[in-house]
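Some structures are shown below for you to check.
First subunit A sits with subunit B, and in the next complex the same chain sits with subunit C.
On to the complex of A and B.
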């Protein structure tokens, strides 16, 4: 059975329990809140899927997220139109990603160390620059892109959905994505087949940064001011969703469908507990158990494959 | 007196390939016994069996006339058998004294380490070998002969009764060789029996008492060293029949496609290599393991940067900075170790076959799944690749079939130059014939093929011209008509200086 199917079944089982025990979960308001609250995680996890497929990791995205949200806010406050603010955030994200990618691919440094360093660096640079203050007095076209709440919500969800579906299609059908898979599945063999694996790694980090920028904007416009401490723990949520969705943490295997399902399953746990009147303190424990189960299944299957191979 | 160590009718196969076949071998105490044979003759396998690293399928290993079963290296060590491999296996981050101490000191994990004593013991052992290596140096900073000296010091300290030396002089200077021989003679005087594997036939009369020749996994003969000369030894080493090779067809040879001029790369150990390969030609690269053939291929493929000299493609100098540049220039390389370097194991047959095209075509284009699968299917049937489908992960295929997938990739990519490193190693006879036929076809189509092979019949049967390498340089060039197994081996061993 494909990994995506087992995640889908687990999630469906949870939703069926909720349908009987707490139909209130499926109220339009709750579903909308749930989706909107997880747009940033979904986009970050989509970018993270590529990073992990290439056999790397990026734990700096939470800090990047905060920096990029503040950048978007400052540009909007300076009077720029919102599309420009969003593009600037994505572009700045690509630059921050290029810094990670340059150090990892160019200097051949381990990505966990590089992004640990940039994670601390960006977060503290932002604290120093803003003094912890939020970005306030934003123009009226900032919140909900000036579309009003309902249209704004629809717009955010549409953009996120289109991006993720398009990226999912690209991952399956475009040659460059195949090079990402090959890089993660066997970097040395891919290199000897003529694939420029270092360039692949570089661009994957750039893409991760751009996705983080978009995630930051789509998240920030829900409010009237921009927090300067957003995104704490975003990297862990994203990595968890990718792993639960069936991607191999060592690279080379995984799909965006799996990541989407992983985000859905993990994000449903917290609200489900509320509706089922279970103490919310169980949320992290259950999420942790799911992640652990995914990894155990992965390694058991890996051992099986090695035995047969 | 019974022999100290003996093999009686030892047979060993690896996955259907017979490495040793009823091999007999005897080592006396106080004897230096040379073991010679060409690549793949079975020397390494016999050493592995004596070292407890491999178990014979049948036959007996006897220690002082008693049959013994060497299940693991510890069992061999307990009998006093020590092996010095060509590549010493020291812990690079530890000091010389620590390396020696770890091998020799007894006592449990929780014993207190007497650092002074450890250093003194190391210095004492090294001085017995006439060496002045500082026991406090990190092993990673030692030169190759220094590392070997430390290895010998370890076996000396362990009071080994049997010492197996695998190509100990391969990387030593003449002065170091003299020092090493002095040590070996001293050990011989103390009654240590030594098995001495070497390709340097010229040094054997000076050190060995007897010599055993292996060929194709069988014992040819054991003789007193004083009774045989080099020519006799070489004749005993070769003599394999040319079978299962499907000689290359004569095709018109075109212009030079690939050429190197005084190509030198110290990092890869390639020195002053000038070769050429023409369209329609299969050029053989012969030589012993470690002669620099694979390293030369790696330089041509952009894995190492040359320090001087040039690579020319169709007469134009090119800078092959990396493998992706090489592939785009039209140079393809099928490495010897396809498990680690050839294939992306979790990916399917079709994906692996299309990998080279993936590298050369633009990245932002849709994948042609049908075309990909069609090509893969065509080649799985042409090469008789045994797989349930082209969607099967290559890691589930056998070694021979993996090699064929790797070949199929480059056959579909149609490069200008195809470098094959041991293209038929571990491949069954039928597939071998098919691979040879395909190589002929590709050459006929105008491709220049450079083939590295340790199998003399394959080199002789398939090559239009042969470069014999030795010590990172070209030792000689032979035309097809002039090449014989004896001449190839003589050049590879450095017994013949110039060639026609």
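On to the complex of A and C.
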């Protein structure tokens, strides 16, 4: 819990400043908009938590996100019902994830290299195929799944919440998910303990892809058209949230709660700066400083603990 | 031995690339082109060299591209605003680079924090400070010629000065990594840090040195970059970290540490750079570079990871041959794909047209007009340009076109200072140059296809915003990237117009969208809450108008209107719903069409200096004022007329 507490403290500090300086931040409307805007990051980051827990990394998700949103849009435009479009996007995501996973687990290639290659590949292939054009003239049942704005918003948030909570529970309580921790903590000892390490790694990437597909759909349906350059930098957002949330980048340690807190902290910074009337040109610098601060705080607390223990 | 096999396979691929391109790419196999390619690869090369020891220790440095930008702008600021002599500014730049590397070193070597997280943080922070210092918009140029010589000049007529620095750095890094105790320490750390410590390797100090050198290399690369491009701005070197890591890893350095050579890195670097340059000379789209780089990376790493697992007696050659066959197949396909399509004996003009950014819907729409004109004129159209925001990219593509000797060049200029040098070079090589959409320096081109001046656009946008406000109240701007030169120019004229003509109107805030519809949406949502008195959102990049309009629609705020600069097709639903009051734009198709007609007429010699009119196909006779070819005034799309346009 130590690590989660560090993020929680950093986030709480930011929120307290906001409570005094810009109480408008806490209006129901703003919180709803913030939640909706970060559903995709949250889903991507929870997929990424598993990948990082298993001791791997996936930097191709931003490119996958764009490809999958376009696929969902194309299918919807072809007249397929929305649930089918959503499932196809998730399925296609699982396939792209399986390509990563196959190369990593099957060929034993380093995941950062594999996903660096697929990141470049998917993004360029998409640019080539679409020429930058958006998917326009979507049927009216595309936006909000045809449910209307309010019901659509509730639906999106419910799906995301159920997925994340269920995943959190599974990670704590189901043996198959504990195998992910074991794999990341030490592949060799996990293997000796009878865990099919390579299969675990493969399925973790498949899961990551499927989550990216769902994230892409849940994000795309908030609009009337699908843009073809979405998701640039999503991988960095997700990785930052996971590591700020306390997961060890070498695997084996981390929780979904920490990731959730990490997403919350990083997602609050941008709007917070607008509320505090700080120039947007300093936003990246502050974001970077907060990432560094959160790891250094953790280091300092660790040093304290070592001294006292 | 896996090392040598890998390098051999890579050298084979490189040779193959060169063989294919010498057939497909005009002027590929010339001394001039070799040095041009070398010149373009120096900045990336320095970063790759410095990343090799870092990755050999099992670490990573994602901050090199951002540090390059930070060094570039501090250098520019100290020289221009701080009044420092150039020499001292160079020293200060190196100090900034070392300080940046030092911060990474402190956190990684002293605090033992994971390099990936630390440099992910500094990646964001360094570029953030560069943006903060300049507000994203400010840029530094007009450096003295003796400094620019470093990046643009040449010794003996063909040796670019920066390649000498690069060669020295390569020798230095090779010596350090392969011939010294320090280098052996790096390998030991990469294999097993704990064992290295027991083996009396001062792990902390060795690691610190690797990151310090990386900072220093970023600083040197920054200076060369500034001298090469002719300006320093906070978007310099965007994405270089991934390209450099790709080169290092492609060169056989293991991302887990302990394995890797400088020679391999050089091979990896040249494979990428030659691929990029060759595809450009073969007039193939730049996306193909990315696709093939990805495939190359997978093939190379796949082959060596197979080699590592397969018993030694398995002939490694087979893997290399398989790779070679794949590459040949790719090469042949390329060759076939890019054969000239014209009939035999007919010499078709090659007109090269460049947008500011390839994926931007605005330019996608200009392209339709450009293709229409090329078809009407029986000319071959090359449409290529940057797929990223990095300002050096446009220059690189044009360098390729000069080497390829296209018949005419038409450029939508992203950055006038940076691009003018290379355009002058094109003119010196008797290639006519037209600028369109945004102008370069007047002596760097023959004609400018003028759809509207920055002043005209800024004023028209302000007038629309003021009209929607009823002459009173406040509005906010959603711009593209904070560093976008065009938008910053418009904003300057918007402020000027308000000050001069609309005392009752205030500009409350300017927020970036990074040309991302979703970000424009989120920024608008926040804006409306923070500034409830803002009644008009002026969105000035094509994707941000629908983004802002959707945010207004979902908020139910009937009192807020959106206007701005965008494509009619994207905005139609919102215009009809009354959320977007109006959209300002010219006919983008006609713009692309006219640019190609002007370039074609120059290449054929039918358009000469001092002409007063131009016959431009379906556009009829177009007026020329001075060196400006006038497209006509901007259109204002409203509910009444928007359905008549389809682009």
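Heads up, the rule we're going with is that the second predicted complex is superposed on the first by the 291 of 309 C-alpha atoms of A that agree within 3 Å, B and C clash if a C-alpha of one lies under 4 Å from a C-alpha of the other, contacts with A are read in each partner's own complex, and residues count from 1 in each chain.
The criterion applied here is as follows: a contact is a pair of C-beta atoms (placed from the backbone, for glycine too) under 8 Å apart; a residue touches a chain by one contact, two chains touch by 3 or more.
Since the structure is predicted, the reported quantities are computational estimates derived from the model, not experimental observations.
Bringing the complexes onto one copy of subunit A puts subunit B beside subunit C with no clash. In the superposition on chain A, contact is made by A:296 with subunit C only, not with subunit B. Once the two structures are overlaid on chain A, subunit A sits at the apex of an angle of 100° toward subunit B and subunit C, using CA centres and rounding to a multiple of 10.
Look at A:128: by the touch rule set out above, it reaches subunit C but stays clear of subunit B.
By the document's definition of touching, of the two partners only subunit C reaches A:108; subunit B does not.
In the superposition on chain A, contact of A:194 is made with subunit B only, not with subunit C.
Once the two complexes are overlaid on the shared chain, A:150 sits clear of subunit B and of subunit C alike. Between subunit B and subunit C, it is C that contacts the larger number of residues in subunit A.
With chain A used as the common frame, subunit B approaches subunit C to a shortest CA-CA distance of 5 Å. In the complex of the two chains, the subunit B residues touching subunit A come out as 301, 322-324, 326-328, 333, 335, 340-347, 351, 355-356, 358-367, 393, 395-396, 409.
Of all the residues in subunit A, the ones that touch subunit C in their complex are 22, 24, 27, 29-30, 33, 37, 57, 103, 107-110, 112-114, 116-121, 123-125, 127-128, 131-134, 136, 149, 219, 222-225, 227-230, 232, 236, 239-240, 243, 248-250, 270-271, 274-275, 277, 279-289, 291-292, 295-296, 299. Taken together, the subunit A residues at the contact with subunit B in this complex read 173-176, 178-179, 181-182, 185-186, 188-196, 252-253, 305, 308-309. Residue ranges of subunit C in contact with subunit A, taken from their complex: 107, 111, 113-114, 116-118, 120-129, 131-132, 134-136, 242, 245-246, 249, 254-256, 285, 287-291, 293-295, 297-298, 301-302, 305-306, 309, 358-361, 363-364, 367, 387, 482, 509-512, 514-518, 521-523, 525-527, 529-530, 543, 546, 550, 554-555, 569-570, 573.
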